[in-house]
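Can you keep this structure in mind? I'll have questions shortly.
Each chain gets a letter, A, B, C and D, in the order it is written, and its residues are counted from 1.
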Amino acid sequence: MKVVFFGQLKEILGVSQLENVGPFENVALLRAELQKTDENWQQSLSSERCLVAVNHVLSDDSCELTGDEEVAFFPPVTGG
Amino acid sequence: MKVVFFGQLKEILGVSQLENVGPFENVALLRAELQKTDENWQQSLSSERCLVAVNHVLSDDSCELTGDEEVAFFPPVTGG
Amino acid sequence: MSSASIKIQVQTEDFDHAIEYQNLTENQQSAGAVVTFTGLVRDMNLDNQVTGLYLEHYPVMTEKSLMDIAQQANQRWQLGKITIIHRVGSLALGDQIVFVGVTSKHRKSAFESCEFLIDFLKTSAPFWKKETSKDKDYWIEARSEDSTAAKKWG
Amino acid sequence: MSSASIKIQVQTEDFDHAIEYQNLTENQQSAGAVVTFTGLVRDMNLDNQVTGLYLEHYPVMTEKSLMDIAQQANQRWQLGKITIIHRVGSLALGDQIVFVGVTSKHRKSAFESCEFLIDFLKTSAPFWKKETSKDKDYWIEARSEDSTAAKKWG
């Protein structure tokens, strides 16, 4: 699966997307794996700090994944 | 004082304004006098049926008059 | 404290929505939000097929009451500009009747004040509508929803 | 049952408020009310003297979420037309950021649906603002007022 980052999170992590990640059974497992990268990723990817979208729809940790998804992590939105 | 009528009330009474009316001490006395005209005026000028403005400001029966005022009676407004 | 720039117009001619929007946003660098309301003559009212409208008003009181409503909004909210335009006379189907536009720093006050202005206009500004349908002309009755709407502002 | 005509656009170019208003009112003989909201880049935010704005977004999801918000409004209210336009990229002071316009038979549903649309856009559409002030660039933090505003719609 593909993982993408936006906004300040993208700048903090220093990366905008990761290809061929996983597979993982759900968002929680994917998130936990990404958080293992280092202290920065651990903090920045916490579910209190960022939202997640699966295939362009807002989602959460319980969302199941098959491996073909595009999963996005980003800060609370500030448009409008 | 001058008395003016608007909207449907003007059509029902068949008159748009009366000059040199009164003087009356307050709106209630003016209204009562006008209502004496006939059954039609009696009904149409009742305080439940029409609003009153004194010198272009929404007012009510208790408003005191000196004799120089322009008093308007009209149906509830329907602009906008 | 309250220093919005207020524009009030009562006129028989149509107004240009684009120009009014432009006037509202001009020199308004602190304004983050613009809300406009426009009322149009619509084809159906109650069960009647409307063909047109005649708007009577009480000159002098009309301007005075619109200015009063604008100043009330000006005291309740921090606004940049307030524009109220109301047409009178004969209007056709689809014609613009009324324009209310406000600018404010934040959208909440822009929405609230714009709705407040039209709610109060509808219950306290001396305009009366006579509708024309295929068979007859008739004066519109005041709607109880309108006084309910005005009362919610306390 | 729900049959509003919906227009969604995400673009770098500016939009013309006048054309959007015209499109909204065209062929809308049953519409008695038009409400528009426009968001502008304003000069002050918190304590910062803003000089400009950069808007990032998540392509595909942006359009999808705006369409979803519009369809929610379409189911809650009887609307004629819904237009949402949101700009992305670099914007200057005073620039138009976002346009939300609706037409409806009655003003209450027009006001409510327009505010609903922008309240939900602000909490669920994937846009992120980076403000430029004299000394620095910084990402805007989400405001708790915005999630409160969205929650009031239940």
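The definition used in the following text is that a contact is a pair of C-beta atoms (placed from the backbone, for glycine too) under 8 Å apart; a residue touches a chain by one contact, two chains touch by 3 or more.
The model shown is predicted, which means the values in this text are computed figures rather than measured ones.
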Let me spell it out: compute each chain's centre from its C-alpha atoms, then which one is farthest from subunit D's centre?
B
Can you compute the centre-to-centre distance for subunit A and subunit B, using the mean CA position of each chain? Integer Å is fine.
71
Between subunit B and subunit D, what is the gap in Å from one C-alpha centre to the other?
48
Rounded to the nearest Å, the gap separating the Cα centres of subunit A and subunit D is 26
Residue numbers of subunit A (touch at least two other chains)
80
Where subunit C touches two or more other chains simultaneously, the residues are 39, 107, 118
Chain pairs that touch, by label, are A-D, B-C, C-D
Quick check: in the complex, which residue numbers of subunit D touch subunit A?
39, 55-58, 60-61, 64-65, 86, 97-98, 118, 121-129, 139-143, 146
Spell out the residues on subunit C that touch subunit D in their complex, using ranges where they run on.
17-18, 21, 25, 28-44, 93-94, 105, 107-108, 110-111, 114-115, 118, 145, 149
Subunit A residues within the subunit D interface of the complex:
4, 6-8, 11, 53, 56-58, 72, 74-80
